[in-house]
Amino acid sequence: MLSYLLRKLLLSIPVLFGVTVIVFAIAHAMPGDAVLAMITAEAPSSEALIAMRRGELGLDQPLYIQYLNWIGQILHGNLGRSFVNGRSVGEIIGERLPMTLELMGVALLVAFLVGTTLGVISALRQYRLTDYSLTLGGFVGVSIPDFFMGLLLVYVFALELRWLPSSGISTAGDSFSLVDNLRHLILPAAALALFRAAIFMRYARAGMLEVLNKDYMRTAKAKGLRPSTITLRHGLRNALIPLVTVFGLALPTLFGGSVVIETIFQWPGIGLMFIDAVVNRDSPVIMGYVLITAIIVMLANLAIDLAYSVLDPRVSYD
Amino acid sequence: ADGGTFRSAMRTGCIEMGTLHTTCGHRLDETVLQGLVHIKWTGDGVQPMLAESWKTPDGGKTYVFSLRHGVKWHDGTPFTANDVVFSLNLYANPKVNSPWSQKLSAVAGYKAFQDGSASSLVGVKALDDMTVQVELDSAKPLWVQLQLIAISIFPEHILGKVAPGDIKGNAFWVNRVGTGPFIWKKYESDQYVEVDRNPDYFLGAPKLDRIIYQIYKDVPPIIAALETQEVDAMSYEGGGVPISELARLQKLDYLTVLPKFSAGLPTYLQFNLENKRFADVRVRQAMLYAIDRRAIIETVKQGAGELSNTLFPQDWARAKDLEPYDYNPDKARQLLSEAGWDGSQPVDFIYYYSDQMNVDTVTAIQSYLAAVGVNIQPRLLDPAAINQTYADGSFQMGFFANGMGLDPSLGSPVVVCGAKPLSMGYCNPKVDELFNKGLESADRAVRAESYQEASRILNKELPKAWLWNEVRPLAFNNHIVGLAQHFKEQPLVIFNHPVYNEVEKWEVAK
Amino acid sequence: MTDATVADVPVASGASRGLWGEAARRFLNHRLATLGLVMLAIIVLACVLAPLIAHYGPNDIDLRGRNQPPGGVHWLGTDGTGRDIFARILYGGRISLSVGFIAVAISAAIGIFVGAVAGYFGGKVDLLLMGLIDMVLTFPRLVIIIAFVAVVGPSIFNTMVVIGLLSWPSIARLTRGEILSLRNQEFVLAARSLGTSPSVIILEHILPNVLSPILVAITLDVATVILLEASLSFLGLGAQAPAASWGNMLRDARTLSILESQPWMWIPPGAMIAIAVLSINFVGDGLRDALDPQHIMGGGAK
Amino acid sequence: MMGVDVLAGRKPTTAPGQGPVLEVQGLSVEFGPKGRSVYAVNDVSFQLAEGESLAIVGESGSGKSVTAQTLMGLIRKPPGRVTAGRALYRGRDLLAMPDSELRQIRGRDIAMIFQDPMSSLNPVLTIGLQLTEALREHQGLSQPQAERQALDMLDLVGIANAPQRMRAFPHQFSGGQLQRIGIAMALVCKPSILIADEPTTALDVTIQAQIVELVARLQKQLGMAIIWISHDLSLVAGFVDRVAVMYAGSIVECAPVNELFSKTTHPYTIGLLNSIPSLTAANTRLVPIKGAPPNVTLAPTFCAFAPRCDHAEARCREAKPPLETVGAGHTTACWRWRQVERLPRRAAAAADKLAVAAQKQEPLLVVSDLKVHFPIRRGVLRRQVGAVHAVDGVSFEVLRGETLALVGESGCGKSTTGRAVLGLERPSAGSILFEGRDYAGATGEQLKQRQRDMQMVFQNPFGSLNPRMTVGRIVGEGLRAQKIGTRASRDVRVSELLALVGLREALRNRYPFELSGGQRQRVGIARALVANPKFIIADEPISALDVSIQAQIVNLLDDLKARLGLTYLFIGHDLSMIRYLSDRVAVMYLGRIVETGTTAVVFGSPLHPYTRALLSAIPVPDPKAGGTRRRIVLGGAVPDPSKPPPGCHFHPRCPMATEICTKVEPPVRDFGSPVSGQHLVACHHAGEATL
């Protein structure tokens, strides 16, 4: 197991390297650069000034030198400084990552719990009304883009019902309180979660249906166990195994989704940071984002491998 | 005192860079950091702030500022002439590399400082603790009104310790110490800035307890927040109320909505004049004839625009006898065919306002132009890409606006010779001369002559096809007393400059 | 699977019918699948024949007749510049559906190829390709799309290509897994022992047998990509105005007033996405069942 | 070994014969929607006395499992439906009681052992949990109490080191151990009825013997009634009291075990008995039951066996015969049982089996010291840390025209050997000479030639046919791969082969899933024969088939051999079949051949202790013989081929092992005589009489 993890980690180095090279190249191929992005008509800048700024940021060097410099910094554990505000990228991400993880974590958890529960119910009631309506509801859920879902939720819960705040991470200016934070979390998390819950539901249903036909379910029944024990201990435990993969695949798309949701709900996470960085051509921040999300996705996949071996004792990674 | 909280929506996150490096967020600054003078919100002159008064013995070449006595920085340190000298030097310091440094280009010694042959501005001197003298290269009677208003004064005792190269992104900008009516309390990145009442403010202690500037990236959340009263103001910093939401907000009795607030923003079709296709003035004129601007303003823009046929948004700067270019597609077609326009070639058309109204506007323009045989292909770009496109001239037409509410002179970058990239290859020495003349006097009547003449030329030659001056609907919650009243009386948005808006007099209705 | 169960299935029906014919018959017997297919066919036809069906062009503006509710001339009403929603739905469907189909066609082609090669040859080739797969999987898709679109300009065609180029790993993985499990199946060994060449083995023995799970993944992907285009439209990276897509129609409708009082501007594109996604998934389910010979063997047989 | 308290808690039971503990009356079960029903069980009635053991036998799909599962309420409804009948357990109708009540009986009073030990245990839960959960559910025991009982039960079924093994997961056990656990799980609540649904089908012969022994012993010890379901009449013959024979959902004959063999009254039962090769009478042709298994989608209004029955008359096709009492406890469902009974057991169709000249011929295939090792890689760098010694030094010859059988338990390396010979596996050492030529590294034309001459019939008739190719394409594939003939000539050849293996031309356009098991296996054989090979490796070609069909295939292989002069390497583990069809036998154990000789010699006077154990484990379809034969039940399971024991691989399980066996690999010695032919044995103690 340990050696499997080590090997995976070793393998991930060239993978990360590849990701960063490509993203670096693409980021630099974007029209305009950090200096041009800052120019506005109100404060026009002279060519000399622009050149000077470029020099300051190292943008005048050949691309591969820029990349090597960047990699050099990374090897020293330093993600560089933002072109825009000069702050350390590591620090910025350190500040914002928890917010994004909170949002994504809760969304994923809710999606998983809700999706799995409904999926199991749907499977147990296969081809009955409950099943059909859940399936239909699921598909409608899958058909509403994140950004529109966000608006719908705000309309209903913030404007019409006035139950929840419409945006932000906490009430501005109030000292932090968990309750307040959670109230703010509900809508964005729900907007992210609904779509994924529908997906988990589909997979949970399929997984459960598969498990329900297994011989060991019959054995469990033959032992005279309670239906709930049979469903949960014998059924769900096994149905969860394939779901874990879906869980892992959901992560990269969740980062994409959180960019949209953070924008709509003014959630100060790395997604919001990233969008600004793109507009500002703030490549150290873009690269930091890419690196961190890639690492998280990889670690998550490793964690999923681990979870696999916990959930399924047959799996051994050697 | 329970003065309450005012929450204002702000659609930017450009706080961390700091005043010296941003072209936005100055509205926030005026509540914490202040300048020597600010523009009066009524737009008719300047208001002494940290400078109590000033004189120019030589008609605009030398200015002597008497500073206000008894002013303290928020940390208790007294404000002195050193702070002023320090701040002016900071703006002009080439190591700081501020986009605002141009504002000081008229000061004696600016060139030397910039090219490294001098270590400070020789033209700026502290005569004593409370007096500062600024000497210019030549007489500029409007220098204070037009240039100094954009300069904030920073605490030398804090920023003086920071190397100029490290100013950008310094922790100071998220923990500012100023002299203004509110004291910087807290900044939560991408969330809000909280500023608290300064009881020692030199123009009188504010009535409000605090102001919270809530930061938003996206507009719909601001509208929702206005509606739920999570914020009190959608003003200029918030980007204005989208036209589509106007009716909705107008129905709410707790809001005052100003549907036609002039933004001082001439909007035009940009032509790449270096491209032969647009060299013929008849082509450019035809485009204006082709577009039913009135219809667009009435419908898509819901009235949010003032038809305009030349550069200046200020009434006094515009001649009365301009060609109106009323909607006339037949005339447009005729002009195009006279000019030998080749309608089969599509026209690359760039724009960067992504809000719905502007997208709809572009749609309408596209449709009108198509009707006369001009086939534009709209392309939405972000600012960096726009600047790149400008820099390498890789576009043909565009849809843009430039803020110049404060003074007609601010229009020069879009029309004077060689003012790349915005002038797009337009050059008429006569126009340049008129712009120069406009700055030679402080008397509006004298200045008006020059600008009106310029407006005529620009109206004829159409280096850009002037469409209208932008109008921004704003909305305010009525429970902040003073806020809506203040904007009701303000003639136009004075683009992006610190405005003395008497915020210390606003209060929350009991 | 015991043989007796097989014999229980009446095998009398026409012996010369091909697998595809058989699959088609089973597919058509699948009620939801046929429903899906019919709905999809209607949508696709309507989009293709849009000029014949809609009275208006998708970009015909009518500033004086903007924001009209559904009614006589404009069946689904008009939008903020007076364009006919119905026409835009049809023309928008062309973009949304072709984004879905083309992007997925690209990703399926790459995914199946890479997966088949990795799975069949194994060893170093597999290791290398798995590395590639991992890399593309960890690519922040949105980042690349944003950057790429910024580089080559926002055109829906570019977007389709990028989506296609980035979405193949999951299909590749699936294909590889299926092939790994098939590679040592006795019928493949049998073919090898007969001297059949690797290319024929992949094409005739392996691919047809891995197709049905892959088809399901592909149909699901079509739906995902249609939605992705919508999300990209939100970021201004989807179809460019004035062209319509279901995604950017929804984006255009993203205001509270429209949400509340002009539902004809958002319900139609939303409903079209839902119907298309639903139909495609029904078709996918149907395809799986139809192509899976074990399915017909019925009952609890796995 | 036997925990005293395990039996102490047992409720007092009545002696066998004292009134039924279970009485099934007129049970009918259907599947699927009305109108398109599968009639799985039709009007089944039987009784089970306290402590009695009843076997239900019948071919696959005859409704045995459905009957059993219906009793316990385990069939899924829908699609299942009980359309008639009662099942009285101590007077209470199991079919009528609500599920919550039935739940109390399941596991506690009636327990079940399932066919496939691996799939019937939950793979993700420890066996400790799975063993104790029923105890806790039914007897409300605490976890420690339940664990104690479970431990005792594990001891009883012979799982060593039980306390530790309780924390292990199913995949960490061998098949035999799993089945023991399955038994322990069924017995842990001390039920009064145990239903064993083919508990040994998935297991090896030697392990199968262990399990049968165990269940028979436990049944006596615990005094429960038992229903043993099987398709293998010979397996159950030795230890049950009564046998019920099922066909197409109905019980066609039910009799005390002795009487069933001595006084068989139903044609189907007779057919079953005939298709089993007899251990005593070698070289007689097998008598298969003709035709295909019944179509159970037809309403059971006539005798379902009639289409396959030699005695059928008009009445049989019109009305379903009732169960008639034939003798004491002997019932049968045949209109013509009187006539049938009077007929003599059909004499095996005499020795029309062509006597292949057993004289010495030159070898077609010579395998010497073949080794196939699969590397085991571990660690970050995937270094090879060991190898699975799947084939570990195997030498044998196959003579032209003979059938050499390779036998041995599962995992001993038989298939790997076969695959290596065919070139599908790269040997780690040794040589394979086919017609005197070594094809290692052969390419192009040479390779094609060998591929044409040497073919394989694969083990699994379903898995070895591409489900998406028509029969015609499958059979013709070899021709296409070898680029033999034109399209038209290939078509002709395919038709020929279909005819040769007895498939109708009409099947040509069908897909494998439309064929029965026997038909599929014929397709596999046709495919192997299409390019006129000389040599065929048949890898357990019948193990996945039903008894009645096995006989068909074996006869076919036999005929083809005679007609086409083929040579076979026949891989298998079913010794009675092997005895029937092979000329010589090679017995394999853990990667090595331990004994080789002519069939007569190996079966008649085996010298290797493993061969002897193997032979003794063969079930005999005769209750009397079953009672008297001495069984050698081997202890332990098959050892791990990645860590083969030193010296003689067999020594850890060998009753004769001595010091030398643990150290020195036994040399191969020839014990043959000119009469009996070569008889190679690799055992230090071969020839010593003690066992």
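By letter and in written order, the chains are A, B, C and D; residue numbering begins at 1 in each of them.
As a convention for this text, a residue touches a chain if its C-beta (ideal position, glycine included) is under 8 Å from a C-beta of that chain, and two chains touch if they have at least 3 such contacts.
To keep track of the chains, here are their UniProt names: A = ABC transporter permease; C = Oligopeptide ABC transporter permease; D = Dipeptide ABC transporter ATP-binding protein.
Keep in mind that what you see is a predicted model, and the values were worked out from it rather than measured.
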(request) Sort out for me whether A-D or C-D is joined by the greater number of C-beta contact pairs. (result) C-D
(message) Quick check: how many Å separate the C-alpha centres of subunit C and subunit D?
(response) 46
(request) Using mean C-alpha positions as chain centres, tell me how far subunit A is from subunit D in Å, no decimals. (result) 52
(request) Indicate the whole-number Å distance between the mean C-alpha point of subunit B and the mean C-alpha point of subunit C. (result) 48
(request) Take the average of all CA coordinates in subunit A, do the same for subunit B, and state the distance between these two points in whole angstrom. (result) 38
(request) Give the residues of subunit A that touch two or more other chains, as numbers and ranges in rising order. (result) 30-31, 151, 155, 159, 275, 278
(request) Indicate the residues of subunit D shared as contacts by at least two other chains. (result) none
(message) Multi-chain contacts only, two chains or more: what residues does subunit B have there?
(response) 220, 224, 227, 382, 385
(message) If I apply the definition of touch given earlier, which pairs of chains qualify?
(response) A-B, A-C, A-D, B-C, C-D
(request) Name, in rising order, each residue of subunit B that touches subunit C in their complex. (result) 220, 223-224, 227, 242, 244-245, 247-248, 292, 295-296, 298-300, 354, 356, 359-360, 362-364, 366-367, 378-380, 382, 385
(request) Quick one: which bits of subunit A touch subunit D in the complex? Just the residue numbers, please. (result) 3, 6-7, 10, 214-216, 218-226, 229, 233-234, 237-238, 241, 311-314, 318
(request) Over in the complex, which subunit A residues touch subunit C? Could you list them? (result) 11-12, 14-16, 18-19, 22-23, 26-27, 29-31, 136, 139-140, 142-148, 151-152, 155, 159, 210, 213, 249, 252-253, 255-257, 259-260, 274-275, 278, 286, 289-290, 293-294, 297-298
(message) Give the list of subunit D residues in touch with subunit A in this complex.
(response) 69, 72-74, 103-108, 111-112, 114, 116, 119-125, 133-134, 137-138, 169, 171, 182, 185, 378-382
(message) Which residues of subunit C touch subunit A once you look at their complex with the stated criterion?
(response) 131, 134-135, 137-144, 146-148, 150-151, 170, 223, 227, 230-231, 234-235, 247, 250-251, 253-254, 256, 259-260, 266, 270, 273-274, 277-278, 281, 300, 302
